[in-house]
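Below are two complexes that have subunit A in common, paired first with subunit B and then with subunit C.
Presenting the complex of A and B:
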């Protein structure tokens, strides 16, 4: 019993390494060197979700179009991305972007583009479902009063649909925050790579280091989920207010 | 020139022949009530007039101009034809006032102050001038439907289409909506009303048509319709509904 306890505590005895390198986990080499660590993970997730929102909004609306030449490219994009691992998308952009652009593209930028394109496909499906959930009568009333399809979308359908989509967006943001760890594969100095750097430098305390970053990911995602839950409760009240209106 | 001319109109939903060779003319200022059992095609007919539904054969003309003409701007057409739905279809995320000013501001480019003045006057006219800043869900069904009528009138339409405007209302709220419609009829609005309110039809309609299975089976003045219907189907319908 005693020796098991010792073995266990021995496994987690080197927290000092984590504390001494904690600033590296949070911001990487910054301010002397490039930004990295948790700050880089959050930066990629925030820029990623913001870009994915616009790509997803566009693709989701095109997907809803009755015109085949608008709808089919959107379907192709959404289905291809949804049937592909994120890691593969990160590699595509990392290896093909320099070929396409004719010059090298920094890892961080190419990873962010991959996150935007990947998450955009999922956001597109959220947008599509959100728009389809709005009762048909709303579009009929808007078109019936002389608004164009685009005006009806902008002023009547989307304001209602986007509000209903907020919880799904937050979920997507939480997923993306965790998925940014995959960017380490192309050497983006985000949190997971920072942890690996510390480990390869010290060759000590892998348990402590990787447990520490797991906790960091968890805290961020937990805070986001908690916020999302509060938002959902708030929106449920809004929906109770409007449900009767149909 | 008649306000609305409907010529040999046919429409199918797949194999289902929903409108069968419909012919009808509505003069300016006339109130035409369309009644009939559910599934008879009456709502579809009304919704074809502003092209919320498209016809497969025939022609509909408004003031002599075909609504299917290539150069017909569909949004301009609809701006001149108000429509009121069974389920009100107010915009739940906008206040009553904004529900009414949206189309005038976006379609007709009327400045906000002017649109709001008109909207408030219309709300006064339909008897709910004090509700302008509430959201639709805070109003009763009857009030919501009156907002919907005000919203349609805000575009200053030549024609008003009513698609079963009182069918979703509690009985005690039906009259407040009907009285707004009666006022409108008296003021000379051209109206197409799909309704089961036979009291309203008797009092306000210039003519009534009865539809069943996509056909117009009976047409005439209210007096003819209620006292001397010709068709067996009309007689059976009236017996059930009166």
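Presenting the complex of A and C:
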């Protein structure tokens, strides 16, 4: 019984280290030094998902094209990225960006580019599935009313498809938020690296430190996942209603 | 910055060997982890589908927590921070193993189990209840109905998502390099450090990962064609 009591008190003994370094976990060395910690993770995820949206929209629409010279490059991009670990993509940009650009590139920027290119391939698949889920009659009716293919896509198909895709985009954002932890490999000062720094500096309380950042990631991801589930239910109801009204 | 390509160096001498060793470690790690993840995932699904509230709550919180935290953090937690919470006999066993390799397997299988549990649950729930009721009505016992009617259908549906979970697991196993497991990505990094030919080293390892995933997606397509009759003329 005593050892159980010790075990339980041991679990709560060292949380002071987490508490004292909490600002470092949240914003890194900012404002004295560069921004880091959770703020950096969120920043990378937000910039990453915006970039990935446009890349994914483009690649997804090209993938749907019937012209081989448009569709094959998109297939190649999507399949290569989806078959490769993110860590590998991060290393590509980390090592090749200086060679391609001819000068050194900050780690944070090469990490963000890696996130955009990686997530873009997954967004492309979401876009493709979303467009394919819109009934064919919509396109035919739009073309029949005199719109060109591009006009029909922009004004009729995409507005409907994109709305249905919102839950999938939120889920992809959650994945990306978790994936930003990989940027620590190339020394981007985000949340996971901040935790490693605190542990290296104090050499104490690794359980508390890593549990604390796990909780930080969890709160963000879980809230967003719950939101996406609600949206999904809402959209399903909305669709059921319109289908009924027909 | 000048960069001269040298592909021969990657395949010459010990470097080619390093890639093969890395691939072997990646496959071994993923193979062991998928088996453990399947066992744990099935167990979680049983808890999740049981009607006993505390068990359901345990399974739900496990699944939600492991799915909504980064694998990287989980790996660090198991490697650096799990010491105070692991029972003594398990620690004694663990420290006799290759500790990095064992930790990576623990992290990968507990993480993947949460995803597998979700796949299994939706697979089982996708079989209409009437199937069970009808087979019970024809005189089969519950276990017979499960074994001959429900599970054969559920497994046909579940296998493709399970295979793609395995694919994710192979890709996720690259994170084990952060704690020093000498798998494929670690070896690519190592070759880069020794030869300064990062481009070649990362291209080769990317191609290895790619061929693994192409092989797996080919298997899924074949499976779908044969057993689910998706994407073939009926």
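Just so we're on the same page, the second predicted complex is superposed on the first by the 237 of 246 C-alpha atoms of A that agree within 3 Å, B and C clash if a C-alpha of one lies under 4 Å from a C-alpha of the other, contacts with A are read in each partner's own complex, and residues count from 1 in each chain.
The rule is short, and it goes like this: contacts are C-beta pairs under 8 Å (C-beta built on N, C-alpha and C of every residue); 3 or more make two chains touch, one makes a residue touch a chain.
Keep in mind that this is a model prediction, so the values were computed, not measured.
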Next on the checklist: Looking at A:99, would you say it contacts subunit B, subunit C, both, or neither? Reply first, second, both or neither.
Outcome noted: second
Next on the checklist: Touch test for A:237: subunit B only (first), subunit C only (second), both, or neither?
Outcome noted: neither
Checklist entry - More residues of subunit A are touched by which partner: subunit B or subunit C? => result C
Checklist entry - Given the touch rule stated above, what does A:147 touch, subunit B (first), subunit C (second), both, or neither? => result first
Checklist entry - Looking at the overlay, does A:67 come into contact with subunit B only (first), subunit C only (second), both, or neither? => result neither
Next on the checklist: Under the stated touch criterion, which partner chain does A:159 make contact with: subunit B (first), subunit C (second), both, or neither?
Outcome noted: first
Item to check | Touched partner set for A:88, first subunit B, second subunit C, both or neither | outcome: second
Checklist outcome for this item: Listed in rising order, subunit C residues that touch subunit A in their complex are 1, 3, 64-65, 67-74, 76-77, 80-85, 171-172, 174-175, 177-178, 185, 188-189, 192, 198-199, 202, 205-206, 209-210, 212-214, 217
Checklist outcome for this item: Given the complex, residues on subunit B that touch subunit A span 50, 52, 75-76, 78-79, 82-83, 85, 87-93, 102-103, 106-108, 135-137, 144, 148, 151-152, 155
Item to check | Residue ranges of subunit A in contact with subunit B within the complex | outcome: 135, 137-138, 140-148, 151, 155-156, 159-160, 163, 241-246
Next on the checklist: Could you list, by residue number, the parts of subunit A that touch subunit C in their complex?
Outcome noted: 7, 10-11, 79-80, 82-88, 91-92, 95-96, 98-99, 102-103, 174, 178-182, 184-185, 192, 195-196, 199, 206-211, 213-214, 217-218, 221-222, 225
